[in-house]
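A, B, C, D and E are the chain letters, set down in written order, and residue numbers restart from 1 in every chain.
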Amino acid sequence: MNATPDASLVLRDLTVSYHSPGRPAVRAVAGVDLRVEPGQVVGLVGESGCGKSTLGKAAVGLLKPASGSVEFAGAPVTPLGLKPRPPAQRGLQMVFQDPYASLNPRRKIGEQISDAVVLSGGTRADGRALARELLDRVGLSAEFAERFPHEFSGGQRQRIAIARVLAADPSCIVADEPIAALDASAQASIANLLLDLARERGVGLLFISHDLSIVRQIADTVAVMYLGTVVESGPTDQVWDDPRHPYSRALISAVPRADGNGELPQDLPGDVPDPAFPPSGCRFHPRCPIAVDACADAEPEPTEFLPGRRAACSVLAPALLKIG
Amino acid sequence: MNDTISARAGGPLLDIRDLVVELPGPDGTPLRALDGVNLTVERGEIVGLAGESGSGKTMTALALLGLLPQGGTARGEMRVEGRDVLSMTPRQVRDLRGNKVAMVFQDPMTSLHPMLSVGKQLTEHLRHHKKLGKKAANARAAELLATVRIPDPEQALKRYPHQFSGGMRQRIAIAVALACDPDLLLADEPTTALDVTVQAGILRLLDRLRRENGLSVLIITHDLGVMSALADRVSVMYAGRIAETGPRAEVLRTPRHPYTRGLLDALPHPGAGTTALLPIPGSPPKLGLAPSGCAFHPRCPFAVDACAGDRPELLPLTEAHATACPVDPLADRTSPETETTEAGAR
Amino acid sequence: MSTSSADTGVDRGTSRPGSAPVKGAAPGRGTASAKRRSHPFARFVLVRLGVGVLLCLGITILAFGLTHAVPGDPVAANLGQRALNDPAAVAAFKAKNGLDDSLPSQYWTYLTNLLHGDMGTSQQTHRPVWDDLGDKIPASLELALAAIVLALVIGVGLGIVAAVTRGRWPDRIIRVVSLAGVSVPVFWLAQVAFYVFSFKLGWIQAGGRLSPGAIPPDDITGLYTVDSLLTGEWGTFGEAFSRMVLPACVLAAFNIGVLTRFTRAAVLEALGNDYVRAARAKGLPESTVIRRHALRPALTSILTVAGLTFGGMLAGTVLVENVLSWPGLGQYAYKSALNLDLPSIMGVCLFVAVVYVVINLLVDLLYGVIDPRIRLS
Amino acid sequence: MNATRIFLGDRLGAGRGNRSDPGRTGAPDAADERAARRRRRRANKSPWRSPLAVTGLVIIGVFLVAAVFASVISPEDPLAQKWPKYQAPSAEHWFGTDQLGRDILSRVIHGTRVSLPLALLLVVLAMVIGTVLGAVAGYFGGWIDMVVMRCADLVLAFPAIILAMAVVAALGPNLTNAVLAVVVVSWPTYARVVRGLVLSLRQSDFVQADRLLGASGWRVLAVDLRPNLAGPVAVLAALDLGNAVLLLSGLSFLGLGAQPPAAEWGAMVNAGSANFDAWWVAVFPGAAILLSVLAFNFLGDTLRDALDPRTARAIRG
Amino acid sequence: GGAKKSSDGAGGSGGGNDTLVVDTSFSLKTADPSRTFEPTGIFVTRAAYDTLLTFANGDVTKPVPQLAASYEVSPDGKTFTFPLRPEAKFNDGTPVTAKDVVFSFNRVKNLKGNPSFLLDGVTVSAKDEHTVVLTTEKPDASLPFRIPTPALGIVNSTAVTAHGGSDAAGADQSDKAEQYLNTDSQGSGPYKITKYDVSTEVVLTRNDNYWGAKPKYGKVVIRNVPASTQQLNILSGESQLSLDMSADQAAKVKGQAQVLQKPTPTTAFLFSNDNPAVSKITSNKDFQEAVRYGVDYPSLLDVAGEGSAQAAGIVPGFFTGALDASAAIKRDIPRAKAALARAGLNNPTVDLYYASDVTINGINFGDLAARIQANLKDVGITVALKPAPTQTALDSYRNGTEALGLWWWQADYPDASDYLAFAPGELVGKRAGWNEGANPAVTALAEQARTATDEAARVDAFRKLQEAMQQTSPFVPLLQTAQVIAANNSVKNVYYNPIWYVDVDKLG
């Protein structure tokens, strides 16, 4: 059951574009490097529209990269065509945001879970047995296998979706905002479930979320995304306690805390620009509190200023390096 | 702060007593969505209403405006400035809506009409309620947009919602609500659909409006962080009832109802490191299927046999703080329930 | 948890030359680009127009292929019993109608003639098809327009009432009525209506657009009711109008049913929108809410249906015109088909395709008028 | 008639895109399990218990019985020309006699054997062709999609009735030719609807999840999408059945469908137009058309209510 | 009532009005007389174009002079001389001359249209400006009966030539005058065509230059109206004349309007194809006999309605040379069955072809076919109906491939010789597979009938021919249809003319 040690997901300089007729191409992901090791939880945070889902889909092969590469377990992830996905890649799976859309409303959940077995050459009976086992594993009753998705709440559906993914015996899971649509309590239980998988089964987890606090809670490392690029990354507690990039700072200080203190969070004026017309130079500069004129000209290079910590800011770069 | 304000006015701005709302079930039989809700909002006060999905937060606000889904009925008392809304004629209720009591909805992407210009949406009720001319209404509308910090308000009036970003739209929606100078703003999850950075802006805007205009706000949210940032007082709802109510700091720091406590425990805590979160086991009851007694008892780690018996009343603990739980849960903060995979297992 | 410090899991993001020089300042980006954005809509319309022309071309090929491939012999259809056995007469007929050439060359001739505005000569009327269509189209158009107006007024009205009273008795009655509307065979309805209102009660004169021998109003639009109004001939207007009532009502029946159903659904859907609730929360009167907030978005789907039913009305006119002797395109099409009058069939098909294209374009344009999202993006 | 079907399809398609609210659908917790199931059963059944549905079912039932047992039920031989012509309805001939002195009641009963099976054949053919083409076009996209949809456009812009008339005029008037001619122009409705559904479903999360598990494109079509297409297509077909009856009887009315001495309703209505004084010749077969189409539409409507919870909710308030 | 104001003040109804409204189901393709061959076209051109000879008061047994002052036949029966009336004028006021007649006749021949057969073998020449001479190759007693056909109406050669008309060989290609004649009639008849629409309405206006008696109605509106509406319009007074009601409808109108029900020269007939290559069954003489005696003729008359009559022979009853009604075949089931048995056929199945979309004088051929099917079932013949729209059906009919055919023959001109087309090897004969040499005896009889010039000899020859055909031909004459003409009581002087319905100009 345990993932092979080399089953890591590696994105190199990944670029993904959307083309729609009559509009300029949208570079939703504009050059991202990312690595998810087995057993590791990597959080990916950023505002809506910054390209998190796009990145996630490209990582599993649902979208074709415009450039750059995606590698899983040492082999390139091929974008899905009409043919079935190669078995070697089935260890790389995805959990979707919307628990209502991610299950086929017209098929029994047991059947949907056992698909993975059938598709990898097993029998229906094996599949059914595994489905019952997995339902139990994600905290649902095995009897539910005979039911249709509409009979379940959002949290339960997300568990079912996870069970389906588990049936493929994955070594890496990309979870695209798996808890965003859920109540706080359900959020906690799903987050726990995913975390357990990473810990117990050594599954690598790319946890995409716009909710910093939950990422902070479960991720080992975090990458902060802004308009298609990663602006800062590093071990979660370090980034949280000591964010360097002005965007990470703004993001973290905007999170309200339920401590009863009545402190208003800090706001960051403006919105994420349309990725079809990204600002020149540093993409963040129109909203950046510390921007200088030069920011409009050159795109900053990410700098590794501490082991494992990087940030891409040309204003701070010298200072960062000094600190590092 | 509360004290001074309530002393100034004759009574609370909004006073809801024993509100019962029934909605038609799939087969037409009425089901209780709200089961005796009490709530007050003083002038200039921001009151938070929290609770899990389906607990009846939105229904409370809709009942107040007489906008329950078709077939829904409300009983009890809902007084705005002392006048009971439930005994008003439909016309009087309409005069109240958008005028004295305004509402902002959760999703700014859907609550603005996509085919009407921002100006039209800002002025139509203004002209209806205040009988303003076109010019005057437009001037006022531009002023409002400036208040909510929309750049270039004159031009913005001519544009359509889709030409604005989500945060902007929510500001516009708030401007629409503020148009007739309401005394009370019902804000139904006004920031849930927004990014945290944008959310912070909206929270600050509401706070400013309260400070500058003396606006009273009933803010509905399931995000206790938002509640903590903005509300003066907090009420927590569960299955159509108020579980706990009290000053923000007391409720969030020393919750006296196991449900409030469960909600807080399920949140990630800064400083707690990467430890497991503590979800409340099970899921909230569906409409019309609330268990007898304390509706929370099947999920409650502190439940005793009696909890399934009589329905616990909201009992005052201090002058402002009340809880509907007779069991005193003021034990240590680590609850006996630590299993994470409990939810849904039953 | 096994994160080694050397391996953070996040790699360096490499930079690349900025792709677009446009400065995407977030707020107020609509103003600057508003003008540029109106272009796509105009271009969209142009593209649609182009596609429409191609569609018409496709229709001619399809119609040509179908009508010429079928085994019927237009010679038999258009020469009498006597002349049929006269080889000279048959040859003359074939030569005159170009029936001897190969199919592609016949088509090519047709197409080149078409580009010169010549749709050929009808084999049954011996007139240019163009002239025939010119005579028949206004009659059918008048009827169809009257029917669609009727259907829109009644259908949309009933649909709104049904949506507003959903689940209650007016809704139920309207549901049955609208279902009956789409279920009634129009040819039968025409007969029954004729029998009752003309035959038994004698209320309505049927047959023809005007009473026999009456001089039609000056040809401005070709629609008698409109032309007589324009020229102020009240008597003629009354006559043209009263003769149109029965066929128009019969033709409208189906469309009333369709429009009622779709209006109801569309208004219901619109009423379920958050912005309608928001409008109510503003304290607007219910009538304003429905008119301004619910009907407007519903209008797009109502328009679609109205456009499609209008385009599909030809089927109805074939039946109604034949029963109620309305001298329009429906009758003409029927006769042409029976006589395998190929140029006329082609002409009718082409006309229908053009109507289809025009209506679609019109609907698209109206979408733009109704919905700023389409107009502005 | 075509027009309606198209639009109807679009609406069906649109309905699927609708996402339910998180938290509104409940969990089958043990406590409320039984009550929920009871209510579900009641809620599911109710569309079929509405007066509309019952009426539709009864009418269809009557027509089916009439079709199967036509020779047993009908009082006379539908072709026998034994009686004086144009006899008004009487105790002996409930619906009167026609221009050849045949018993109209018997002919109306035997008419069920002509119209209904052919309408069914027409709809099934159009449905199968349209669904397959639409699914393939929608799923595989690219040039296949282009070709199929352009063909559909072309055919949709082509006046169905003229095509049918011309084909029938050339091949000889009989209902089978009419059916074939109409199939040629009625598949695009299904193709469009199914393509729309497939396009929206193809990108849906559950399909992508299945692809990630290793399902091929064909398998997705056959396993994941088929059950999701079945409902809307069934509704479409049910409502289309009525249209098919109307179109076929219309062609017969014009003399391009069923031919003498067959007892076909449209042709019988046409016979009535020769002599208005004998109103019964046209009225009864026409009423039979109306009733059967009405019944199909009642059922189609009910089916839609049953399959599309959203509409059902809207209707029930 | 249909009294409606119309722009010119001429309403549709009421006595004393100047407008006559005629309702008919259009069968109209052209208003160019030289191409006209359809009933409505004949009706219209008759009013606009005078012919050399005509039939008066519906009496078609005797051609009388019209544009010709009289006519003279040479003793050999091959030369016909027509002196023209000097007072005759076209509607533009120019006189009618021999040149116009020559032009008109040559144009008919060279247009090679439907009516050109009328002048087959006829040469036309002008003896002087006011005398026309026609010569035929063989003696032809039927020519004077063909001359009144409206297709041989005289056109104004000057005007027609000016508008692209041609009478030269090759006119079928070069003549361009049809369009012109459709909107602007160029004849010498009592009316002018002032509005022409093939599918809705034709309007005739009184020709003020008419050389003869002025017609009463200043305007005649001929409308395309289905039979059912015609009945209604006659009753409501919206129209004054209706030409297509069925006998059943006529029965309902009687008493409230004048109704004429007259036999027409249209014979409906059935044939069993005589060609074994088409059908082994139908070409069997015994089978043909079985059919002949299996048909229940009175029951067909019941379908056809009042006024129609059984056709004893192929020639209509009121033509010279027709068979006596008493000579008609009577149904004889035993004889039919016996014949069938002789043929060795046990319950044979044969296809019956007919035109499905025609109604001739209110008779729906589908109904007729269904009745025949029922009739023949009684004698043990199963008939499968094979309907087709006229144009398609004509195809197989013309090619002679129909096993059983149900058709009609409408006299092109009121003379028995028009029916010689049924002889073996002739136009209709071939369609029934009765080809040249199939029955030399009948062929000889036909030739006799064709060339006889003496009245009595002709009558005798035609009778003999038909008697022979009754025994041996594949044809079964069924019935002669009846024309129903209903007229408002205000209309006087209504006579039925078998060729052109009524003389509009004579109505009072």
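Methods note: contacts are C-beta pairs under 8 Å (C-beta built on N, C-alpha and C of every residue); 3 or more make two chains touch, one makes a residue touch a chain.
Because the structure is predicted, anything quoted here is derived from the model rather than measured.
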item: Required steps from chain A to chain D (each step between touching chains, minimum); value: 1
item: Intersection of the contact lists for chain D and chain E; value: C
item: Contact-richer chain pair [C-D vs B-C]; value: C-D
item: Farthest-lying chain, centroid of Cα atoms versus that of chain A; value: E
item: Computed distance of Cα centres, chain C from chain A, in Å; value: 49
item: Whole-Å gap separating chain A and chain B, where each centre is the average of the chain's CA atoms; value: 31
item: Separation of mean Cα positions, chain E and chain B [Å, integer]; value: 91
item: Chain E: positions in contact with at least two other chains; value: 226, 228, 232, 357, 389, 391-392
item: Multi-partner residues of chain A (each touching 2 or more other chains); value: 153, 156, 183, 220, 271-272
item: Chain C residues counted as touching two or more neighbouring chains; value: 1, 26-27, 72, 166-167, 194, 199, 323, 338, 340
item: Residue ranges of chain D touching chain E (in the complex, touch as defined); value: 79-81, 85-86, 99-100, 169-170, 172-173, 255-256, 259-261, 271, 273-278
item: Residues of chain B touching chain C in the complex; value: 65, 67, 70, 94-99, 102-103, 105, 107, 110-117, 124-125, 128-129, 151-152, 155, 159-160, 162-165, 168, 173, 176, 274
item: For the chain B and chain A complex, residues of the former touching the latter; value: 52-53, 165-168, 195-201, 203-204, 207, 222-230, 248-253, 262-264, 266-270, 272-280, 283-284, 340-345
item: Complex contacts: residues of chain C adjacent to chain B; value: 1, 26-28, 30-31, 166-167, 273-275, 277-285, 288, 292-293, 296-297, 370-373, 376-377
item: Footprint of chain D on chain E - complex, ascending; value: 226-228, 231-232, 246, 248-249, 252, 299, 302-303, 356-357, 359, 362, 364, 366-367, 369-371, 373-374, 385-389, 391-392
